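Paired with chain B in one complex and with chain C in the other, chain A is shared by the two complexes that follow.
Coming up: the complex of A and B.
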């Protein structure tokens, strides 16, 4: 095997590969025979084509006039950084906003009161929150359903018994479940914030049906949810001034938490992973150098057989 | 006897002591590593975590 490879490649296998220099390459070029005029012409055509392509791309990027929708601006959230946790005081205020405003129409079926413990509320507080509402339970020994005060293990109550009832109460539009809404919409919490604060008068030519409102951030512009947040729409228990933008910011942060309850742990894990893996990388590199050092310092000598 | 030699003779020479050393060092390494990263994370997010605000709601 080795002998036949050697016969095919001769000594070339052992030598460093022959790399032609730039000068050698240019002597191989077929454009050398071209006249000056031809070179100039082809060069101009090439430049024009490239420039036109770049211009088209830039125009497409900047205008995007084809869709009737405003993309939400990016905000600097206090949890935007690579290692930044959620602001739990804000999550707590966001829960108050959800409970007092959004819960009138939107369900949040995948969050239970026990999830609040150690995130926004103490255990006693979460229990008190749960007990505030009556939950349908049963059946008891008589086979009847009964109502009881909520427990930590109960999920947030839904405002409507089913989707049809929700549609009937909202002009046929279904208020989506908010548990995972931040993950379910492009733009995430930026979108929620922009949507809640972005209501304005419909521009001329936009027709809104009964029960519809204009919101440029909502795809299509006509949304069946009325503006929900106004200055002083409610009061915070921690005394933060309840401006519309403060309410929107807090509810967006809260919805970010409900959609990604693992958010903080994930960022902490990232930090640990970077630490551990840079350590392992360093070890791996060192071992590779060590194992190769014997190979790289070895001298190979070719001695033809003496006749 | 140099330090390296002592370590070799006491720990690395026998498989049993070597395995024990691996387990023990993994234990201590993990404890300190977790402590360091957790403290760093809390320092970066000073005032934002539940840990930092819970005193307001507990007696």
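Coming up: the complex of A and C.
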């Protein structure tokens, strides 16, 4: 194959097609006309600017390292790429983790069961999920509130009736709503993953109050949420081994989806936008060059008046 | 002889004189594209803003939820919202380049155009600040609290003015409602000022890189600059769309995804990136009133440039020392932006103070160096 391509293209592929262009550019350069003094001055300014920049960067880094809080390491998520969609199997497993582990304390007030349709569940599955909840509705014709099985249009139920009840049940701490949690934290899903897998014993000198745990990724280190994810803490319906890191990865992906449900549409649109704009920009650039060609190639001649 | 309709019709001839037959210097560069790009930014902001206003609820109990509703339930609401938020950033990128070009090539000699331009800059800053409060996240609320409280530094009247602006004793529902009203209104005032800006510009014609009178070599606006502007608009729109679709929340603050809570103060309160340089100047002055004056002066100083910079050539390219000063000023503004995002602790405090001094020093030293160079060149 390579030999055929070589025969067809002959030695053309081996030659750089840009040599004349590079020569042209280098002849346009005026640096060779600079005086020694100018070269020295500009070189010194360049070095000073570079040195000052490096110093500032080092200064910034050194101060950052003195923080008491651990910054989450960056992970390569399957959806990190410019054109990569979310891993929908992972989002579905993440929903299972949320339902079985997180939903006991955390609400998700911006996600409705209808949002699951076509993303993690089929319509029938999503309906079945919704029907597992009893939702307060009404008033009916007698003016009374009543409970009914959930529908697709219902939002995920909140574990507590209000913030005060949540605080009372959690030693004064308020478990935040998780709908936007990935967008609302520096580090996004990396932070969530690091937090969920980062529990450890408090180092010497760190005093924790009753009901608090140590997590170096949480600002201040003392967190009121106990470690929730352990190996085999639950079972996945698809049979994936439920290690603690697998659970953390899946819930982080699910929470990325809850924060940005438009994620996949956005990236599909990006692909289209790049195609359309590349075409339009190339066309307008050509037209602009063509229109200006008359002006750019004109010759201006000075003819003094004859006396 | 029958005249062409575009030259005789009372309405069309206005467009003709601005967009078709307008005599334009032949040598203006890409740096002159940013005026039209700003017009495009204003249009994008007004159109996306109009669609957002159809769904937004300016009420403290509903504002955050209504923005979530726009992003989640409205058709392409997420796109409209992120285009509007990132559009503000592009508006400021274009503004800074436009102003920088004006300073470098001394476009401020077109006095009325420059004065209206600086006023537009103030108005756009106010509009952007008001708009940032509307999502009613933590940074919206605390940003509004910090900035409105600055007015309390005004002697005698400060507290009364702040409470008058709040419509109460704290940033609350009345504040949000009126901020929405003004955020809606100001872009139309900006549009009117833009028309005046163009009206005065077209009295004299554009400046050009050489700074010479260019009447001997002018070309019609169409087709040359219509196509050049369309190309510029496409390139800018591409970058805006790319940012919006690739990393829509990169320039935002994660704290603004947390609903506003007057009882919890965020660890670092900071404005959007485009205000950071002014915020750094504000924080550099230990006295509150002094800080507010420095903040206002950091922009208002642009009003005095036409009167202080008197020189023999228009463009800075003919003044090597001023060229160096200009790019130093650029570096200072970048560093101030960086300082504005740092916590208030050493070594950032001292660095910010030094940069603030250097920022204002530029406006003093620049005209002096112009004079010095003129003396050197024209010394007999």
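The criterion applied here is as follows: the second predicted complex is superposed on the first by the 243 of 307 C-alpha atoms of A that agree within 3 Å, B and C clash if a C-alpha of one lies under 4 Å from a C-alpha of the other, contacts with A are read in each partner's own complex, and residues count from 1 in each chain.
The working rule: contacts are C-beta pairs under 8 Å (C-beta built on N, C-alpha and C of every residue); 3 or more make two chains touch, one makes a residue touch a chain.
Owing to the predicted nature of the structure, the values given are computational and were not obtained by experimental measurement.
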Overlay on chain A: chain C relative to chain B, clash or fit = fit
Of the partners chain B and chain C, which touch A:242 in the superposed model: first, second, both, neither?
-> neither
Between chain B (first) and chain C (second), which, if any, makes contact with A:101: first, second, both or neither?
-> neither
Which holds for A:84: it touches chain B only (first), chain C only (second), both, or neither?
-> first
When the two structures are overlaid on chain A, which partner does A:119 contact: first (chain B), second (chain C), both, or neither?
-> first
Report for A:275: first if it touches chain B alone, second if chain C alone, otherwise both or neither.
-> first
Partner touching more residues of chain A, whether chain B or chain C = C
Just chain B (first), just chain C (second), both, or neither: which does A:110 touch?
-> second
Taking the superposition as given, does A:225 touch the first partner, chain B, the second, chain C, both, or neither?
-> neither
Once both structures are aligned on chain A, how many angstrom separate the closest C-alpha atoms of chain B and chain C?
-> 14
On chain A, the residue positions that both chain B and chain C contact, one per complex | 267
Any idea which chain C residues touch chain A in the complex?
-> 26, 68, 71-72, 78-79, 219, 223-224, 227-228, 230-231, 234-235, 237-238, 241-242, 245-246, 248-249, 254-255, 257-258, 267, 331, 335, 338, 342, 345, 347
List of chain A residues in touch with chain C within their complex | 49, 56, 59-60, 63, 82, 110, 115, 176, 179-180, 183-186, 219, 259-262, 266-267, 269-270, 273-274, 277, 280-281, 284-285, 287-288, 291-292, 295
If you look only at chain B, which of its residues touch chain A in the complex?
-> 33-34, 37-38, 40-41, 44-45, 48-50, 52-54, 56-58
In the complex, the residues of chain A that touch chain B are 78, 81, 83-89, 92, 118-122, 125, 238, 264, 267-268, 271-272, 275-276
